[in-house]
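In order of appearance the chains are A, B, C, D, E and F, and numbering begins at 1 in each one.
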Amino acid sequence: MRPSGRAPDEMRAITIETNFTKHAEGSCLVGFGDTRVLVTASVEERLPPWLRGKGEGWVTAEYSMLPRATHTRGQREAAKGKQSGRTQEIQRLIGRSLRAVTDLRKLGERQITLDCDVIQADGGTRTAAISGAWVALRLAVKGLMASGAIGDDPLTEKVAAISCGIFEGNPVLDLDYAEDSKADADANFVLIEGGKIAEVQATAEGATYDEEALLRLLRLARMGCDQIFSAQAAAVQ
Amino acid sequence: MRPSGRAPDEMRAITIETNFTKHAEGSCLVGFGDTRVLVTASVEERLPPWLRGKGEGWVTAEYSMLPRATHTRGQREAAKGKQSGRTQEIQRLIGRSLRAVTDLRKLGERQITLDCDVIQADGGTRTAAISGAWVALRLAVKGLMASGAIGDDPLTEKVAAISCGIFEGNPVLDLDYAEDSKADADANFVLIEGGKIAEVQATAEGATYDEEALLRLLRLARMGCDQIFSAQAAAVQ
Amino acid sequence: MRPSGRAPDEMRAITIETNFTKHAEGSCLVGFGDTRVLVTASVEERLPPWLRGKGEGWVTAEYSMLPRATHTRGQREAAKGKQSGRTQEIQRLIGRSLRAVTDLRKLGERQITLDCDVIQADGGTRTAAISGAWVALRLAVKGLMASGAIGDDPLTEKVAAISCGIFEGNPVLDLDYAEDSKADADANFVLIEGGKIAEVQATAEGATYDEEALLRLLRLARMGCDQIFSAQAAAVQ
Amino acid sequence: MRPSGRAPDEMRAITIETNFTKHAEGSCLVGFGDTRVLVTASVEERLPPWLRGKGEGWVTAEYSMLPRATHTRGQREAAKGKQSGRTQEIQRLIGRSLRAVTDLRKLGERQITLDCDVIQADGGTRTAAISGAWVALRLAVKGLMASGAIGDDPLTEKVAAISCGIFEGNPVLDLDYAEDSKADADANFVLIEGGKIAEVQATAEGATYDEEALLRLLRLARMGCDQIFSAQAAAVQ
Amino acid sequence: MRPSGRAPDEMRAITIETNFTKHAEGSCLVGFGDTRVLVTASVEERLPPWLRGKGEGWVTAEYSMLPRATHTRGQREAAKGKQSGRTQEIQRLIGRSLRAVTDLRKLGERQITLDCDVIQADGGTRTAAISGAWVALRLAVKGLMASGAIGDDPLTEKVAAISCGIFEGNPVLDLDYAEDSKADADANFVLIEGGKIAEVQATAEGATYDEEALLRLLRLARMGCDQIFSAQAAAVQ
Amino acid sequence: MRPSGRAPDEMRAITIETNFTKHAEGSCLVGFGDTRVLVTASVEERLPPWLRGKGEGWVTAEYSMLPRATHTRGQREAAKGKQSGRTQEIQRLIGRSLRAVTDLRKLGERQITLDCDVIQADGGTRTAAISGAWVALRLAVKGLMASGAIGDDPLTEKVAAISCGIFEGNPVLDLDYAEDSKADADANFVLIEGGKIAEVQATAEGATYDEEALLRLLRLARMGCDQIFSAQAAAVQ
């Protein structure tokens, strides 16, 4: 039995509120249940020095938890003076995931930064961030195409992410915090609409797992991402 | 004529959405027009070492702008590895303002941290933060009293803040970004309900001002704060 | 009764020793009683990148306390690896105050940095720093004009600063440390010769204050700054 | 055809030189072809504060590249003043991998730190580090058991890691730098002797991959790890 | 011919103004010609954790140049966020030099910190700092003995330092900046009254030197330090 | 009697294994007994901004101890976020020593960085680093000459370094850790083949020393460096 009473293959409610802030070229507040992440896409018409002059653009991401997004207050990274290893790991993953569906050449020599700030955390913040970042990026690209800055659409596929895990011996979809903190294995899948995989990060916690378990988690992830793809499509219509 | 078409003594709409996040002991999303700040109050049953053993508590604040709260993206302070002088100045002001209405002895040996994260900026972020912080603090204190952790109410007065300035020669109330960036003088007032002053920070930008102008700004501030006190009262009922 | 035996409107002795160091384009050791601040003005014929090409210059300030300027030794900020919020707040105030009396266009594309290092502290270090910085700046500008680097004088008014406060219920001028540490309210005024105000920062400590008290402090500040303007005039003759 | 002329399922030579340094409780220089990593295991009879008093120990890792381990010199992280996101991601992975085969309760209240310093890099540094870290940890634990500090062996299984990828359309085992820099997909597998999985990190680079490709890579990884388990067994005999 | 017209074995004027600041337990402004260093000795009745419980005290030093102590303004180390290698090297040298004449056991479990802040630089700042630090330390120790905190005098010998160098082929005493910046070799000697050596740091710049040159520099240093010992004795009478 | 049983003027075995890593333009693993330092020379065809355009090159060094090079594990400087004063002092010494034998004009506008990473420490790590750095630099310069990038040899002399000290009252050559930690005086000599001195750093630890002792240590150092010069010559043949 899952703490939330959900069936093993049951997602939490997915909510995507677009244009949550007015300054960003694209933005949304994405919710996976009580997890809520504000994502903004910022277009800058210049690249960092090491990326200039190659005739292509860049998509990158930054991630942060507000100090009281969690049960107990965490120290603010700006006050500590550095980003944790966890933060850096997650923002690198978000950036890679979005670049997997972006044709950087068609984007042209500009950079789009996806800022993912967790307003409230209840498990799955990185997967909600990736899924919402696609929406914010889609909106920003739409604006660039509408203004004529970009010709061909650089973003031809959707990307979404979901966590699965083995909780009390059973594979379950979309771990919330109560499950995540006790799961035997925890896997984040970043999937492309149509069946391809962008990234798998599957970690045993305490117990290890085997090939069959990995495949069962991957199948759950496909089910979950299909629901996210639908929500994304509805959001950017 | 003000860019927004407002009268000189006209505030923007004040909105206070309480309990915006579920983990914090008190929280609200406060809006002064398009400026929106998420404030959470976190109660911790321990003090930093230098405050222990005095039989009293502490109220402190942290402030941050999300990178794309503004027209153009700013660099994330956690990525830069330090908080700017502006950030530190503002969070010190917020903390002082709230301590001005808190009886630290009645609070007992615990710390309440007010995290003020600017979701969207359109001028007046520090004054919205102070005004919202009082609401979050009030809710957190209410919880402590309900649970019996605190006996006497340590928070007997309201505090609010508003910016005023001289725009194209005229004193105006509640500067938005279009005004703030061109004002000749800019003053932030932190007022206590009932007429007392907690803090004045009045700065000439380009032009200087005189005693009469300072007094006119202070009177506008009183009008503005009265409206905020009403909104605060409604929010915490 | 004030701890020093001074009358409520009595300043401490103001001393300004110009050309205290030989390398700086302008310098002085300014004293407000036992508070002593070494100020140097350094002219650099280049601007930071973000200020270039606008046909105008910049005036900025840095502030620091020597570790044993105070009763007990404070940790050196260079050793801690960062400047405190208090330091940053003060150096921003000093820079703003001097820019309030400088025509940056007449200064031309050069930067003048005012380094204010507190040799000995006894209250009022920021106000002594601002008052001395004007002298160092005046001397540096005089040199630039003498050499023909600058035509019109960019510095046509004097600026000075003084702290006032409410001590044991009475408004008093020029707080020393013994008063500052116990004052009910503490206000720093930055005034322009002739009656204009550049900046007011008035903070209640413990008790709050009202409009009348603010005005009484402002009037004391005018009396104090008049004495500083005289001392500045004598120093730069 | 692989640049090195290897068959798709052919590993590079594995070399493990134990006791490479004299001070560490366990150490080895591990080589996967030209990739060479020095691993030391340091036993400390105390835990960081947040781990104390739980009756169990901790295994952690740090990773670093010597500045000229690579084709062109990289800046030293100690000189830059921070560890890169890549470094932190890798050292967190190494620590998790080793903890997956360690019974922390049997280890007792002590910490073992695995320092993995890359002397020379030619692809696969993190997998060589994990594989070598097991050897260093095994040697350190052997010493603790020989001295009677530990009773039951806390390290009952072997862990090893290998990278696989899709290079020019074909799944290949143990990517070297020439392959890694051009691979379409790159996966690191951390496997437990006997068939269990500790961690999978599979990333599409440019192209994406599908479930079948993931499984083919996993099977190559099993072949590779079996060879590493043999080399580890020989090394610690 | 030396730029200053001094004879090869001629020191600049040595000035030592004691009790330059009022808060420190000992202080002086030491001058070697135009080089001026403010030194304060701060007594703290506690030790850093790693020195506690050994029944002895500690003497340490910190060194800093004010930004405009030099011909052109240098960046403030507190603003850069770290102390330079040069600063650390010098402050380590000052601390070692003073500990060479202090009986730490007689000092008791307290720490004395010597803060050496260069007000104006014209060569020889580290040697002036060491020589002045002895005076500040002597004054602080005198106070501890007068108050009965210390019984036996822990400071039985004098220590002083001077730089010598080879300038245009000739050994010269007490290099000023004009010489230091062009010297072929530069040596700092820290000597104990009575003939013993505490430290030699002799560096070839461009040209190298030989044993005979080293000895000639050492003999010049003895002459210089004898003059400093006299000035120190006069200062602390 | 020395702990190692060596005669007072007896060096430990010197070993120099060239081309220890394959990517660097020059490299060696140098051993002085159990002290082992990996040195790489990296040639970069560009200079830092402040050195450009002078028609000459630069030689610099970085130094680091691996965390477990020593008896007990030290914290990794990259994790602490800064290099210690000791590290900076040593790397500055290594750079100066190598520049003392390099004609920077003949080197041309390129930089050679000598990375000295201590694999295992048993006293004398800085002197081993300098001695090995000459070998790595020699190999890198040889490559530049072979490729025609450099015409005249910029490196015409050898430089080597050795530590000597006074141990239990007797001058001894090449201190190992057991001696170094208890020596009364400790001196590092950097000598040029043929008799010239590049640098002397002689420090009293506890006891002080006199001129005669300094000369006896210098003579021992000459004997030691002659052996190192032979080993260097053999290594680069």
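Operating definition for what follows: contacts are C-beta pairs under 8 Å (C-beta built on N, C-alpha and C of every residue); 3 or more make two chains touch, one makes a residue touch a chain.
Since the structure is predicted, the reported quantities are computational estimates derived from the model, not experimental observations.
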Given chain D and chain E, the chains that contact each of them: F
Most remote chain, CA-based centroid, reference being chain F: B
B-C, D-F or C-E - pair sharing over half of the E-F contact pairs: B-C
Mean-CA-position distance for chain E and chain B (Å): 50
Gap in Å, rounded to a whole number, between the CA centres of chain B and chain A: 33
For chain B, residues that touch 2 or more chains besides their own: 81-83
Ring path (origin chain C; first step to chain E): C, E, F, D, A, B
List of chain F residues in touch with chain E within their complex: 82-86, 88-89, 91-92, 96, 100, 187, 192, 195-204, 208-211, 214-215, 218
Chain E residues touching chain C - in the complex, by the definition given at the top: 21-24, 27, 34, 38, 40, 42, 44, 62, 64, 66-73, 76-83, 87, 113, 115, 117, 119-121
